[in-house]
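Just so it is clear, A, B, C and D label the chains in written order, and each chain counts residues from 1 on its own.
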């Protein structure tokens, strides 16, 4: 089985409610994520899955509820704090930096780690004065490890815009990994992939979870995948939580079957 | 073929991170520098210096500054002229008010002043986006136009509000001949060009581009929009400010506020569009283009011996400018810089198609 | 008191004239997502055409009825603007579909330059005259109430009325006609519009033509006020704060924005300007707009912007 | 294919560079005197710039056609479009300054360009001729060795306007209120110091109304004028600001005949389209614009009838056109004068022509001979006095044409001289120039 056993709660979401104008996107959502586990959020389109993630990393400010991370409780998360606390995120419809190379995209993931100031960077030089060059090289080395891990060496310098969809998804993941996150939020990492790509991606996700012990919160439509790789599953429907538990429990949950898996009966 | 990289292996990331990883480029750059520093001073005429090379260099510098903001950070500004003006007037005041103020310090001071204003007018960018911001930056333009005109202090109480600078001396060495002034500009442009290049290829540069390409994602990976945007505004206006100071001190020598009017702002914007958004080299291409095109347009008829009225040629100039801008936006949004790198790519793989 | 009212009315009327120019921006932005920096150039181009044709037509066809000349000139100028719109769509816009707004904006800067050059090349760059019989002498009312009476600028008044009429027409056009509705559809979503079979290209030509006609009316009004010369293209600079204040996508916004800016300008110049040495109205308009944007980044009536990831 | 495009444009650019360089290696041939013509036929001020440029070129053509040049020295010329832009102006200046045997003086037609080239002129030893514009203190030849604000400065204008007003007011302006509505730029601000001085001395109140360029909208200024009811309005405008201002004056019911406009706002194109609306509008002029004289007839005879006119024939006699010819005439006479010293029939250097500018002496007879007798008054320059004699008079628009309203005035030196001294000294100090001694 896996190297690191599932630990205690690392991220605890309490009674989150979010609405745009009159429209309710999330109503009173609560669930918890345990260290090292793979936690899936499923639900039909428009169920509020992405909104949930957006609340967690402070893109949206929920009107009610709180989020507890490693014992610290927040009403409003600010993206910067979240990032500093080690939460990384990939995006449903690619949010890569189109104008930049794969390498640079992943390098941005290291920005939090780069400390040298504006002047230091301006006067960066190969002669060993100042911190900038050294830092750049250190971080580059780390990023190269990720590049190897994701097997995208040949595309380092290619502008991501020109990469295939599958590869872009990997770069997206790479950018998140570059932050050395403790919790990794994956928003439909396999959407629009073919079987083979999906298998690769699942492998990467499990490896990450395994090798680095990264806790993973995953939104995915492909039930097969979800049931295979996740330890516990939250089910959302119309912004409400209708189920929570192990894959088997969820499979057995009547509401879930009605709302979601119903089609399969 | 010309660009044969076989046998050039990069054994370290440092090598790969070098400014010009490919040997040919390094040589080309050295050659270029040699021409600029040695060739030009020997060959060029007064006219070439004063009317072509010096304005070209200064505008290129300003374009680099604007490119940091627009090309790299994606915050469009229509108030560049204002920041040039602030640079020029600040430098002027440092010169006339402080006895024995070193010229270089005043120039840098101009930059700092512009940077401060830049940050002030950058603050709205945290809330206002895109087109709204673009128009809002005009506020800077018109405010500074008025301020430099109205506040006598700015012009050292000169009767008409025009200012005029003394002879330029650095460390007791005075820069009178066009060649000397050219070299002064060249040196400054190269220094600031390199600094800018360092910034855009480093961490902060990546932050800027991240903001430009997808600000939400950028925030999520821990980039602070405030920091990224305001640094972009500061750096950009600093460089633009220095350029403005040079424009006033070296190119014009004496000027009225109109010298930094809204036309300048647009002219610079054209430069970076044509030269290449998000490219330092592009800034140079753009500046060269904008400086040379008018000369060509009213030169060509003369050299071909056919007489075209000055009015006609300047109307044509407008039209060709406009047409080219649209053309570039359609065909090559990355401007001359991209054309150049495509050409280079071709040379690298020549004779093979790719 | 009397003076205050005069300032107020003055501001309102000038505001209406700004709104007229601003309207061009809004129409085009609504339907093609383009912030048309060329609007000023279009005003100049239209005004030049109007002025010159009204001068040439009588010469060409040997008649001397100013009314006829004006009507003929207006029609020809209108045709010119439609051709311009068609060319713009052909040569520029259609190649820039779905480009980011900033790219489009820069493109219009280019188009503006072309129009400036072309206009003056074809029609000349001296000062020309448009005379559509606007009254010039002032109207003094209520001279019982205030000493010196209350001065009304008749020309501005008529111009403002013309502007108001135009606005009503356009609103009707957008609400009632099928084309108008198509335009609104396109405005809301290009792809969707295309998918339900609205030909984007044609719509754009239409909306740019409408923008051109608005520019023509603005050109006639400003031209008969100032005479036609290069500088009237600069009235656009007066309209920018109006558009962003009112919101790029809202016709009523343009009108209200115009009135606010108009009044704000005059009030600031007259009541604050003195203490600052005067000449502040130009930047004050922009600062006013900026201030509003800080509270409502999409302008008073603009559509709200939400991030989706 | 991008590459090909790029190659082409690159080639073009290189070629251009080469040509530009080549074109500057000007070589002198058979006695020809080069006159640079900086003009703006486009942009904001084109309506003024076009007739002005035509006038300058027409006169040179006339001299060549009628007299075969100056003592046999053909006048060559080249126009360079500045669009009133300082940087473009500098380019023109640099391109033309050393053409032929050297440029024989620049009429920059622009305040901004004058500022920018003044410094360069010091170094290049080229004359900058700014008849009726430029820095007023530059009439002090000891400091401004190379500037010639011939015939009058803005201080002349302001002074003469006030003289005329004083006359209208039976000799006293005490307790009067006089407004200055000005183009908010160095050009528009130039008269303020003198006006303040006179206001203090004559006891009238001076109120200032800056109008932000381009001045398409100046309602607030005129509303305030309507409220404060100044007795007179001095109107220092340019370009579109002029018609816009007159319109506002009309619309706010301010009597046009109490407006005094500077010469740049007193040309035909400024008022003719407004017609009756501008009836009574006063302007100051350096010359009898409405008068026709031999020079115009000659111009028709020798140039326009041969179809070699620069502009439309009907612009002959227009104020701006006449002024253009006058400026060109002064330049030609400077050349002629210089030839007296450096050799008749010889092509002269810029520096030699400068001597001519400094020793101009156009007597009534001479002017008559030149065909300018009706148009202007005698003028005599010297090493110290680069303005010469500043004669100006007031003209008035009667709804259809300009009419001469006043006799010739000359500025009152008791007000101007000390100002010139003060500002010239300040300039000298700022630029640490050592004033030369004239004698």
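Throughout what follows, contacts are C-beta pairs under 8 Å (C-beta built on N, C-alpha and C of every residue); 3 or more make two chains touch, one makes a residue touch a chain.
Since we're looking at a predicted model, the values are computed, not measured.
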item	value
Set of chains whose contacts include both chain D and chain C	B
Which of A-B and B-C has more C-beta pairs touching across its chains	B-C
For chain A paired with chain B, centre-to-centre distance based on mean C-alpha positions, whole Å	40
Inter-centroid spacing, chain C versus chain B (mean Cα positions, whole Å)	33
Centroid spacing, where centroids are CA-atom means, of chain B and chain D in whole angstrom	35
Rounded Å distance between chain A and chain D, as computed from the means of their C-alpha atoms	71
Set of chain D residues in contact with two or more other chains	41-42, 46, 50, 184, 210, 212
Shared-contact residues (touching 2 or more other chains) in chain C	120, 125, 277-279, 282, 307, 309
For chain B, residues contacting two or more additional chains	142, 145-146, 149-150, 216-217, 220, 311, 315
Parts of chain D lying in touch with chain C, wherever the complex brings them together	41-44, 46-47, 50, 184, 208-212, 214, 216-217, 219-221, 223-224, 226-227, 239-240, 243-244, 247, 250-253, 269, 273-274, 277
Sites on chain B touched by chain D in the complex	43-48, 50-52, 55, 96, 142, 145-146, 149-150, 156, 158-162, 164, 166-167, 176, 251-259, 263, 288-289, 292, 294-296, 298-299, 302-303, 309-311, 313-315, 331-332, 336, 338-340, 342-343, 346
Residues of chain C defined as touching chain D within the complex	3, 6-7, 10-11, 14, 120, 125-129, 131, 136-138, 140, 148, 151, 153-156, 222, 225-227, 229-232, 234-235, 238, 265-266, 269-270, 273, 277-279, 281-282
Contacting residues of chain C [partner chain B, same complex]	35, 91-92, 95-96, 99, 101-103, 105-107, 109-118, 120-121, 125, 237, 240-241, 243-244, 248, 276-280, 282-283, 286-287, 289-290, 293-294, 297-299, 305, 307, 309
Contact set on chain B toward chain A in their complex	13-14, 16-18, 195, 198-199, 202-204, 206-207, 209-210, 212-214, 216-224, 231, 235, 278
